[in-house]
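Two complexes follow with subunit A in common, the first pairing it with subunit B and the second with subunit C.
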Partner chain A sequence: MNFSEFSFWWVLLLFAIPYFTVRYVAKSLNLWRGVFDAVGLAVMSLFLFVNASKSSFAIFMCEIIFNYIMVWLMLRQEKWQAKLIATVVVVIDIAILAYFKYLNFFVEDVLGLVVPGLAETWQSKSIPGMGSIPPGLSFYTFQMVGFVVDSYTSRKKQPIAALDYVNFVSFFPQVVAGPIERRADLFPQIENFRFKLTFDNFESGFRWLSLGLFMKFVLADNISPYIKLDQVDNPWLVWFFAFLFTLQIYFDFGGYSFIAVGLGKFVGVKLTLNFLAPYTSQSINEFWRRWHVTLSTWFRDYVFLPLMGKNMKYAPFYLFITFTLSGFWHGAAWNFILWGAYHGLLLLVLRYAGRPFYKFLGQQKFLMPQFISWALTFGSVILGCLFFMETNTGRLMQKLLVLITPWNYSLSNLGEALTFFNENGAAALVFTLFLSIGLLLMEQIGVWRQGETDYDLLVSPWMSRVLLVLTILFAANTPSPFIYFEF
Partner chain B sequence: MNSIDTIQGWLVNQIAKQLGIKAETIKVTEPLTRYGLDSIDSVTIVGDMEDWLGAELPSTLLWDYPTIEKAAKYLVDEAGVSPAETATAEPVAVTSKPKEEATQGKGWGGLWNKISGS
Partner chain C sequence: MNKFFKLSSWFAIAGLTWGVGYFYNARYGGELSWLRMMYEEKIAIAKEVQAPQRILIVGGSGAHYTVDAKLMQEKLGIPTINIATDGPIGLDVILPSVVDVIKKGDIVLLIPEYLLLLDDDGFGDRSGQFGAAIGKPGLGNVPPKQLAQDLMLLGIPTLKSATKSSLDVVQKGRLTGYYSDPVTANGDPTVMKKRTKSEWWSLTIKDSVSPHSLRRIEQFKQEVEAKGATLVLGLSWIYGSTDTKTISNIRKTATELGKIAPVLYDKETLNVKTDSSLFADTHYHLNPDGRRTRTSELVEQFKAANIK
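This part shows the complex of A and B:
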């Protein structure tokens, strides 16, 4: 759901106020049945989804019906029949995703490379579904695929109620942009769903909501206008804008994920934390355990581990392939494939060249070895973000060339970079960066404290109230679109 | 030595061997990625551990329980795994409490370690 849009909150209230009023009255008259909670959640989720995107909702409904029937059949079969059904469902789900998300890219950018004029011919045809990608398709497809596989491998084969399945795949805080929930984590909470409207849940939900709103509306949205993609000549500025984007993408998607966690908690559902203070990482391995956790674990469980099986011989190759595919999941464009491949390559470099380096650092020949590891990791992530932010492949190559040319790092270019923004713009940016660094520092302290989560300080009672006040005071006037909605 | 200590000792040795680092430098409470453990190592170590314990373990064990302490506790307390009498780990210099000098360097590095609690 688009938490930036007023209509989301409006529709939510428009449904929630009469629904919970009726629920309260009916409960006091002893007329309310538990199943009405599950029905209410399903109606609320579907109502919000149709409000968010009618086209995506239509595809979603077809997929829900198809997946539910097939899983229902699968659970009644044994051995190869069950495996066959699972395979068919996964192939069809991925084929639907591929049609809406990758067909254009495949024809225009892959086949178009070898067949001259194909891209133009293709663009002139009006093929249904070839416009923008239906919002949430990548996320709910992955959740449905995961459910099929987990149901197939599960030892318990008892039937699943249709209403429970609808609530599992359409739960409104996370259906459009995750967290991509797994059967073992979410289904037990959703099965025979009952609203748990307690003060503790409300308080806990409010704290996560407050953190998410602050990250999105104050930090991400105030950083966004300063990022200039067309700057290609000055390496200082290229680095700086990549740095700003690195902050923006985390605050944007992290903010979204925490709002989802908060909304989940309001109704008594615990969603998975999609981010675990990723910018505190001291290696790329660690970064990928902290960044977009539910997508990383999805690829680990359904791509990397099955590819590898017991054969460790080609494990490095499979790791590289998994990361490249993960990049491709983000978007049907070369820059996302390059971004995934870059991270896969970094992991391999770290595996084969990084260990001697770690040993070297471990001998304490450097001051602050952990700081060096952190700085190298963060620098690598920033460079990766350059691939991610730049969908124009030609311009991306230009920027990379500028970055690797030593004499571009001249003092005159530095001077130009320092005077790039006017005084007012610079002051607002410095203030936003000050808040951003403050937040990242509190995450780092959270990691050191080893509490329940790395965000313990940021979701403490007093801090969540401070963050809410800061959001009211400094929220950007014009919210920028959620970056991950494009995927 | 109880089951948790035995498993911790085995993991410390195995991780030290896999990563080519000294066992004394490994803290059981530190996330394993801090020592450079990657996805391939995680799966390899769990495979070796299955052979050692003679039990089927989840491949994702070291993701779900990212420190030696957490993994060992899970295996003993939740999965009900206990190392056989004969399957004792090689002795290690450090299990739950690493030597102070292993983590406390000199100068700024040492200060950073103190600040970060590593």
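This part shows the complex of A and C:
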């Protein structure tokens, strides 16, 4: 759901107020049945989905019905029949995703490379569903695929109620942009769902909501207008805008995920934390354990491990393939493939050169090895973000060329970079960066303290209330679109 | 009970902070607050000036910054008050916001910029917030959803505005805004803003007046006439392109508006100017010289139309 759009909160409010009023009155008259809670949640989720995107909702409903019937059938079959059904469902789910998300890219950017004029001919054709990617498709497809595989491999082959399945795949806080929940984590909480509207859940929900809103509306949305993609000549600015984008994408997606966690808490559902202070990482390995956790583990369990099978000696190769595919999942464009491959390569470099490097660093007494590891990791992530943010491949190459040309790092270019923004703009940016770095420092402290989560400090009673105050005072009044909605 | 108070604290903190934001936005400090103060000052002037016949200039900033009401008063001998405000308030809110001060015998000169004329629903970015700021929430029948959203945003100062205000305090020792400069006894601006950020380019008008704007102006005419006053319309001066599409759209707009009330404009140029030196900071706002030239021309058109 698009938490940036007022219409999400408006529809939620217009549904929730009468629904919970009726529920309260009916409960006091002893007329309410438990199943009405599950029905209410399903209606609320579907209602919000229709409001978010009618076209995506139609595809979503077809996929729900198809997946549920097939899983229902699969759970009644044994051995190869069950495997066949699971395979068919996964192939069809991925085919639907491929049709809407990758067909254009495949025809225009892959076939178009070898067949002259194909891209223009293709663009002139009117093919259903080729306008834009239906919101949420990438996320709910993965959740549905995961559910099929987990149901196939689960020991308990008990039938699944249709209502429970609908609630599992359409749970409104996370259906459109994750976290991509697994059957073992979410399904037990959703099965025979009952609203748990307790003071503790509300308190906890508000704290996560407050953190998420602050990250999205204060940090990400105030950083967004400063990023200028068309700056290609000045390497200082290219680095700086990539750095800003590195901050924006984390606060944008982290903000979304924490708002989802908060909304889940309100109704008594615990969602997986999708981010674990990723910018505190001291290696790329660690970064990927902390960044978009549910996607990383999804690729690990459903792509990397099955691909590798028992060929452990080819693990690095399969790792590289998995990361390239993960990049491709983010978007049907060359830059995302490059981004995935870049991270795959970084992991390989770390695997083969990491140990001697860290050993060397550890022997130095004055070099602050932890800080150097962190700086190298963060620098690599920023460079990666350049691949991620720049969808124009030609311009991306121009920027990379500018970055690797030493004499471009001149003082005059530095001067231009330092005076790029006007006085008011520069002051607002400095203040936004001050808030951003403050938040990242608190995450770092959270990591050092090794509490229940890395965000313990940020969701503490006082801090979360301070964040609410800062959000109301400093939220941008024109929110930028969620970056991950494009995927 | 402790848990209840703990939970209530969220709402109390949110309410209190929103209140601070509302004060900044609507009462003192934010752009909307300066607009509200300017509007209230202009309305007070209009209420104060009593004469059997007055000219009231209505519109957005494209009227506020383009007509010299004092010069017009001198040339026509009729008390003239510039009560124009700001385009993003939207036509559907601007018009009812001035209805109360119109009285019998008045000539209401409405000069809406194309932003207002081309709009399909009559509402702009400031519609809901302006109504709430002047104590009339929902003025102009802002739809409930937009009103709810605007009211929510009314308590959010934003980081950009807060930073600008902080710099203002440090550099100037006071808060300022686009509309914070005083207006004259005729409601005219006293300070002219200059274009600093970008080069001039010719404005193109991509469409003609919308059916909604025509209906709303027609309704306004009835409201004005019900008070015994007369409605006159004017086309904006713009620094614009003379391409055929722009000219054709303006001509069509003038023709359509002419079916409602007399329209004052130069029949040859259609008020499209190709000399940017007459303009101040936007394609509508004129510098003092431009305003005098524009007003003199308007006076001649007024006389030629023989409006009484």
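Observations
We adopt the following convention: the second predicted complex is superposed on the first by the 485 of 487 C-alpha atoms of A that agree within 3 Å, B and C clash if a C-alpha of one lies under 4 Å from a C-alpha of the other, contacts with A are read in each partner's own complex, and residues count from 1 in each chain.
We adopt the following convention: a contact is a pair of C-beta atoms (placed from the backbone, for glycine too) under 8 Å apart; a residue touches a chain by one contact, two chains touch by 3 or more.
Note that the structure is a prediction, hence the values are computed from the model and not measured.
By the touch criterion stated above, A:K79 is placed in contact with neither subunit B nor subunit C. After overlaying the two complexes on the shared chain, residue contacts for A:N285 are found with subunit B alone; subunit C is out of touch. After superposition on the shared chain, subunit A has more residues touched by B, the comparison being subunit B against subunit C. In the superposition on chain A, A:K156 contacts neither subunit B nor subunit C.
Of the two partner chains placed around the shared chain by superposition, subunit B is the only one that A:P316 touches, whereas subunit C remains out of contact.
Applying the stated contact rule after C-alpha superposition, one finds that A:F199 touches subunit C and leaves subunit B untouched.
Contacts from subunit A toward subunit C in the complex involve residues 6-7, 10, 199-200, 202-203, 206, 218, 222, 422-424, 427-428, 431-432, 461, 465, 468-469, 472-477. Interface residues of subunit B, counted against subunit A in their complex, comprise 19-21, 25, 29, 31, 33-40, 43-44, 47, 59-60, 63, 66, 105-109, 111-113, 115-118. Residues of subunit A touching subunit B in their complex: 281-283, 285-286, 289, 297, 300-301, 304-305, 308, 310, 312, 315-316, 319, 347, 350-351, 354-355, 358-359, 362, 364, 366-371, 448, 450. Across the complex, subunit A is touched by residues 3-4, 6-7, 9-10, 13-14, 17-18, 20-21, 145, 148-149, 152-153, 155-160, 162-164, 166-167, 197 of subunit C.
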